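Following this line, the structures themselves.
One chain, subunit A, appears in both complexes that follow, with subunit B as partner in the first and subunit C in the second.
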Partner chain A sequence: MGVTRRNFVKFAIGGVAGLHLTPLPYKLMDDIAIWTQNWPWVPVPPEGEFLSVKSVCGLCPGGCGIQVRKVDERAVKIEGRTDYPVNPGGICPSGMGGLQLLYDRDLRHTGPMKRVGPRGSGDFMEITWDEAIKTVAERIASLRKNAKTEALVSVDGNSKGSTLSLMIERLTKAAGSPNYVRMPSLEDTYEMGNLLMMGNNGPMAYDLENSDYVLSFGSGLLEGWGGPGRIMNAWAVLREKASKGGATVVQIESRASNTASKSDKWIAARPGTDAALALGIAHVIIRDNLYDQQFVSNYTSGFEKFKTMVLGQYSPEKIVDITGVGKEAIKAMADGFARAKAPVAIYGKGKGTLNGSLFEFMSVQALNALKGNINKPGGIIISDPLPLATLPAISPDGVAERGILTPRFDQAGTNKYPFAVSLINNLIDVINHSDKSPVDTLLVFSANPAFTLPDSGEVNRALKKIPFIVSFSPFRDETSFMADLVLPDHSYLEKTDDIVRPNGLQYQLYGLTRPVVKPVYNTRSAGDTIINIAKAVDTKTASSFPWKDYESVLKIRAKGLFDSGGGLVRYKGAEPAWKWKTASDGPDYKSFGDMWKKIKTDGLWYRKLMPSAIDSGIFKTASNRFEFFISQLELAVKDYPTAAPGGNRLKELGITVEGDAAFMPHYEGNHHHDEQLPLTMAPYEMVNLASGWAPSPPFAYKTIFDDQLLGSDSFAIINPGTASEFRIKQGDYIIIQSKACAVKARASLSHGAMPGVVYMPLGFGHTAYDEFIREKGVNPNLLIPPGKDPLSGHPVWWTTPVKIMKG
Partner chain B sequence: MKKEHDQGKYKYGMVIDLDKCTGCGTCMVACAAENNVSVRPDESDKQRSISWMQVYKADNGKEFPEAETVYFPRPCMHCEQDGRGGHAPSCVSVCVATATTLDKNTGIVSQIYTRCIGCRYCQAACPYKARYFNWWDAYFPVDKGLERYLSPEVSPRMRGVIEKCSFCHHRLMRARTKAYADGRRKIKENEYITACAEACPAQAITFGDLNNPKHKVAQLIKSKNAFRILERLNTKPKVYYLSSRDWVRKIADNPVDEFSPISG
Partner chain C sequence: MKNSAEKPSSIVVAAFPALGRYVSKGGWLCFLAGFVGALFLGWYVFPKLLYSSQPQPFNFSHKVHLEEADDPEDVESCLNCHAFRDDGTFVGIPRLDKCKECHEDPESPLGDSDDEATFLTNYMAEKKEVPWLSYSRQPDCVYFSHAAHVKMGEIECKTCHGPHGGSEVLPLYRENRISGYPIGIWGERISGLKTNTWDRMKMDDCAECHTEKGHEENNACFVCHK
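And now, the complex of A and B:
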């Protein structure tokens, strides 16, 4: 049969019809779809044995208990522990996403590195551990040989009293340098204030769970203050009580933060006026005789002077003008606070990652003293530091002895800053104002000053001037990008390390992290690295580090817990640890060996609070009382010589008021008024965005709203009224300019913002890390010009005069 | 024949206390980590980013300093009905591939990725925006090391399919297996809870069987403060909310055109 026209048409029609009937094209399409859905880069998680390992989170000083679900050697999920007293079950979003910080190769330094690109570029070449340790040791040894040991400076972001921070300080001192510098935090403000008013430098503790009236001056309770796992649980406890009419939370803050929105009462005081408001409340309490007269007369000193000052200078009428808070609200707070059974006035600024203002804190502490709620359930708790064993003293040689006695670069502890322990802002200043950096070698531990410090432009300028920087960060952060050498620490899921009393916790607790997984990359525990460096410097430096490894140092210190007697190493969860004990508990271990073994598996030692009669013994001031009138401050002003002959001591300390008020908690006033910069920029913090040293896990960026970050732009929150003055609409680009610099952001209009204030989130604007974190938004730290908090000398970062314009 | 498991009629549901919710986002992270949800470099593009549990915010519309914010964590509501009397949720009734069904024994609305053809009808039908489309393969670049945290209990999704909250169904499986191994046919109240409920640091989320009067969820939904979002649509969601604030209850019950969340 030939190909006729008819046959051809039949064949074509048959073909078209057949094509519709045969499953072949559909099958092929389906196959292509399935095939392209199974590219080799779509991962298939391998099966394996399920395990659960208990540990403690080390991302912040909050010390939450975590358990990690593992499949064979892989860690697949972090969950909160219900058998840990700090955080019964819950953890914060950063802790929840911790595995990304463990595994993401681009977020971490995968081994010891030498810088090959320019500073800040992040171009490194991997070297061996031996070479890395040798390089640092030789650098220190040469400083020692030339008797220039003070040019070795350490910057430490680990929490105070942790064993790692002691090791860092020890290495610095043993090598012969007094320049061990800590990153500023709210703990510094607490410590200075408590030392001045109560003579006690134990950790600051608020018994929130047992309180029935929480008067919070700016503490970001729900923004991550004092350990989010514990505080959010305390919040739930307070809410539960509140639903039965048993507790009130008042938040004083200019912005409608989560804490302000969720509290029973939001008091919007102008930023930087907390001291005035606290003293205004004190005025009403004293005026109406609502204070605890027995406590005040038995355990405080200087009350009459304080009373005269407060009644004379802090009348509600005046406070209304300063703070913008109404008279009725001030009266209501005074009544609520003074009439509550177990009230507490707490102080903080956001998360507390940065310092607070010393006089503000002391003004808030004065309220607690008026009510006498010290060492009582629901009040503030003064307690001693954990009874950890002290390490043997270092044995400096002649070179080190000379070096240690040289003046600190940051002038902390000098007549000018008599109460500060360390002032990194002064160190930055000194470097920037010298032709040649006095710092030769900078060691940076668990800190990212290039990003987290206020005035970060100046910080980066100083870092560039330092000849040699060594970073011990496990993360590829901005500061490590400035480093010439990186000796990466393990992440908290790979090492044993201690958490010495989580921030703000009222009872004594010692936490211990453990290696949940084998080290993923070629990193080493910083404690071990320090010991190795010391041993490589010279025999004299090595003699201060007689230990095999870091874990043996941890064990030596933990022995002190055993020697102090008592305490528990297991938590059953039946009764919350914040309930004050009625009978002695523990010990639930037999010997130190048994105790250490249990701490290593459960990561925990704690001791509940026990009611004790207040006696004057707890106040270790000159008067053995709580001092409204601070004798140590009077001494520092009247007995110390002035820096310049004929100078004014008060002015040198940054105090502008005169007379008795200068020696008491007082409001310093706002001296930053500038016609050219009519608005105020206030940075704010979020619980779901890390603003400290450790980065946010990429997961956390899912929780950021698109009016906070959109593409590469972050948003500044402005009140709609203020915005309309500048013809700014939602989403507009704006330029925010301060004395320090100008940055671009987008505007987000919100009635939660105080008119005249521009709020910018801390934690955006990274230039390091990887594609999840880098180049997203701006860092408000860039805008903050140098400024000093009176008396403490710490940076003022909470208010910055700015102007805005459409960008 | 004796059944392996108790096949009685369960109705798993959730109660979220908005007075306790602090908007911290831990539930979102816990959910993403538990369920191998892909994280992309730009998560600010909310049209494309995937979050089975999404926290929305809304405010009371008042001026400073009376402004107040509320956060609504929103998982899949696991609706009982489509709102027009049909006994399948609106997403199920539109699915042409039978990739999603309402399990009558548990009340869980499932999603079978390998069956899904990616037509996105269900995404359009869902009044709660709880369904997400995979515009790309899961983001796990080779050599980045991130695939190591993936859980074998939940399969990672491929490009072109819809995904959504499963009430951590694999956890129910886990609890059932454990009960079976222990020789029990019933699982206890807290043996099966979702990752978000477990993670919430403020204990705002409660999970359990709404049919069992002894379960806490069944008691909580009787509160005068209990409500469901967009209740007027009559889709009978199994996720309830509690709030003592009137404006919050009002904002949640408004029809779609009146209620527009600020973000999401």
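And now, the complex of A and C:
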């Protein structure tokens, strides 16, 4: 017998036959199948105890309640809370992807850093917190020693009235600088407009849920306007009413946006002509006597002048030429608006975060006044700020007192810009027009001016000139890449912070975020860092910050809510919070201790709306009425000297019309006409792409269509007719050129675009962050040249003259 | 030739003449050697190679912990430690917090075994979770709710996990080297055959029970593979 080839084959055959009678092949097959499910790169949730933590989203000022699912200490999912009044169960795409902004180390600064590479490179070296705080404190101390404290400038992107904002302003002032500069926002437009027309700069909101006719001047209700969680819910309420014939939504917007396509009526007015359209509608309402005569005669002033102007200058025939909207459509809107029980005209384009034109807003506000729907269900709501306790006044020393009295670099509040509070665009101009930057040390909080401001190129030029920049951003954003020192804040999921009155919410609400997870990286809450810096500067500065930590400041302020009485800290959901009450609610807490404990776990204090008489003094103008003819503006023009003798004061304020119209809401006309730049670039916003300070979670980029972003190219939407004039086909590369810059994008042809307009999405074109966000598309802010909105002095975002050519 | 008639090969040739050319001297023995060798490999060597063994961090006696229970296999006895949370999710292997309820003070240990000393000094005092190895861990693609089975279905713990309320020693933990799952899923027997309901935890076993209990609708894919 011997080992022959034949015997070996027999052995093998025997082996194979035998193996099939064992479990080996079947078991192996099963195991290999399971093995393929467990490759290390297949994402699986960690193992451990499932927990659910309630908090409030801090990505935007929308103030949605969130519930974070955790497995042990690892957060694995963010969902909308059904027990929170703002967003019953809903949440926006950015909010859902918030965990990437918590964990992704390519998006976050992982500890205090000092810059080692050139500005903009993002090369940093980790340092200790002690060293970081000492460096900033020494810098401020040296400015104080040399009595140059005004050279300390803070830029703040936090919501107005938030405790963090107060702390930033406090640090700036206590150190001795008047230059606390806020990022421009729609709130500024609302505030200035309401201050001028009603003498009231309290928070303003639209009671959409209770309205039966929403006339939206470009507000992207479905594009993330206001608090997306709330608005999506309000939209559902409106749609349900509409299905029974009880509500109408009219969207005035030149592009077929999601909101436009889902509204009852889409009116495509030319970009930049909304003021004319609003006044055209006002013309029909006044002409046909459809306005609320009782309200107008009892509570307004200057109506006769307004009537004369509107009837004389804004006839539908004229408006047709300006806006491109037909006469019948204007009449239909006027009828619909004026005959509705609870109509509301809303203002704030796109996501409702960027400021708009002041006169445009006032023109829209005039429509609301004609119907008298102020502080009534379904109308506009002007309310008092949250009754939070005020912090004790700062105690400046001689150095600080001198510094605070120096003029602001941005000239806000001077007779040139009498109504503005902050003008960051002016600050940038001042820096760029000086040989040596007047700003020595810039502190940047929750803002990314290098990306979000118009004319980003100029912003970057200014930042380069500033000797020392400190960023407190948790994110590796463009502005922090310009910084010399980064003292990273926690993410909103790691800290306690307040949300004072979410954007556009009609009832009073105070939200409190809480640490959902332990800090993932070596970061610190910006509020605590401010206290630490102040304490390290010198004893005088420290004396304005007598608190142990930031949370104790939050608690002190929240005491004001308790002292105001009433309010609820638990939301049951059976009765929506937007339903008006007839009797006051609550309180549903026993003591301040009990209230604070409940706020800390549920993140909520709110008070439902109660009807109040109009004459209870909401109009605090000189006439104590709503002013169609703005007396304060007249005063500003009369009382202040012109810059040059004999100059035209109105022109200095940017107002080009003459006569009484200059003091009333009016259409400024189109002054940008330039034959070289025959088209208009209009930026637009999308609900699944963040365009503000916080970045989009990379997940969100997966939801963007191939005709919006393909590879590293973003698309500009153009009407096929306009495209054919330039021989541009779908997908072609084009160059879009404005006065400021030329950029390259690809063309996406759509009949939803108005002829002559190029639409570009805001939020693309980052140069910082990680590979999933960086160099994706182009930032339209690059194209927007420095411009000033008449009267407010704020940047102008929404219409930029451009030309296009094949690229 | 005379002897060859007695050889098995000649019988085969006689019976199946066509196979004659394959039959050669000693051929059957080779085939048999391969055959038996394969059986040995498949039934004995393979399971030994397939599973790795790991000791648990220290021994745990269910018996000691259930001494006061009337019936150590009763669901309620198990639930004392393997509890449901308020939201209905199942704790699984208890965590340190649970142990702490009785073992809180490291100065006054409740017993005196070496295992307990290990527990108190290495874990309790250090506030470190015990890295227990789970005998019943299912793949991540399987959704399983204890509440649905124990509370709604009123199934006893031992139906799936076997009676171990009275055990003094933890069994050796054995893990499949390829799939990474504990041996309890496929079962101790490599054949996959079972005598008790708790011998295996594969999909077919889930389905078998669903069918037996009249819940065939729960055999739909999406019930477990969400």
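Going forward, the second predicted complex is superposed on the first by the 761 of 807 C-alpha atoms of A that agree within 3 Å, B and C clash if a C-alpha of one lies under 4 Å from a C-alpha of the other, contacts with A are read in each partner's own complex, and residues count from 1 in each chain.
The working rule: contacts are C-beta pairs under 8 Å (C-beta built on N, C-alpha and C of every residue); 3 or more make two chains touch, one makes a residue touch a chain.
The shown structure was predicted, so the numbers you read here are calculated from the model rather than taken from an experiment.
Engineer: Check whether A:543 is in contact with subunit B, with subunit C, with both or with neither, and answer first, second, both or neither.
Structural biologist: neither
Engineer: In the overlay, answer first, second, both or neither for which of subunit B and subunit C A:31 touches.
Structural biologist: A:31: touches subunit C, not subunit B.
Engineer: Looking at the overlay, what does A:45 touch: subunit B (first), subunit C (second), both, or neither?
Structural biologist: In the superposition, A:45 touches subunit B and subunit C alike.
Engineer: Taking the superposition on A as described, I'd like to know which of subunit B and subunit C A:243 touches: first, second, both or neither.
Structural biologist: Touch partner of A:243: subunit B, not subunit C.
Engineer: Between subunit B (first) and subunit C (second), which, if any, makes contact with A:14: first, second, both or neither?
Structural biologist: The second partner, subunit C, only.
Engineer: With the two complexes superposed on chain A, say which partner A:688 touches: subunit B (first), subunit C (second), both, or neither.
Structural biologist: The first partner, subunit B, only.
Engineer: Identify which of subunit B and subunit C touches the larger number of residues of subunit A.
Structural biologist: When the residues of subunit A touched by each partner are counted, B comes out ahead.
Engineer: Can you give me the overlap between the subunit B contact set and the subunit C contact set on subunit A?
Structural biologist: After superposing on chain A, subunit A residues 37-38, 44-45, 47 contact both subunit B and subunit C.
Engineer: Using the touch definition up top, name the residues of subunit B that touch subunit A in the complex.
Structural biologist: 19-20, 22-26, 28-30, 32-34, 36, 39, 41-46, 49, 51, 55, 57, 59, 61-71, 137-138, 140-152, 155-156, 158-161, 195, 198-204, 244, 262-264
Engineer: Please output the residues of subunit A touching subunit B within their complex, sorted ascending.
Structural biologist: It is residues 33, 36-39, 41-48, 69, 71, 74-80, 87, 89-93, 96-97, 99-100, 102-106, 222, 228-229, 232-233, 235-236, 239, 243, 256, 258, 261-262, 266, 268, 520, 687-688, 697-707, 709-711, 719, 721, 750-755, 771-772, 776 of subunit A that touch subunit B.
Engineer: Touching subunit A in the complex: which residues of subunit C?
Structural biologist: 24-39, 41-43, 46, 50, 85, 87, 89, 91, 95, 137, 139-141, 176, 178-181, 186, 190-192
Engineer: Touching subunit C in the complex: which residues of subunit A?
Structural biologist: 1-2, 4, 6-8, 10-19, 21-24, 26-28, 30-32, 34-35, 37-38, 44-45, 47, 49-50, 52
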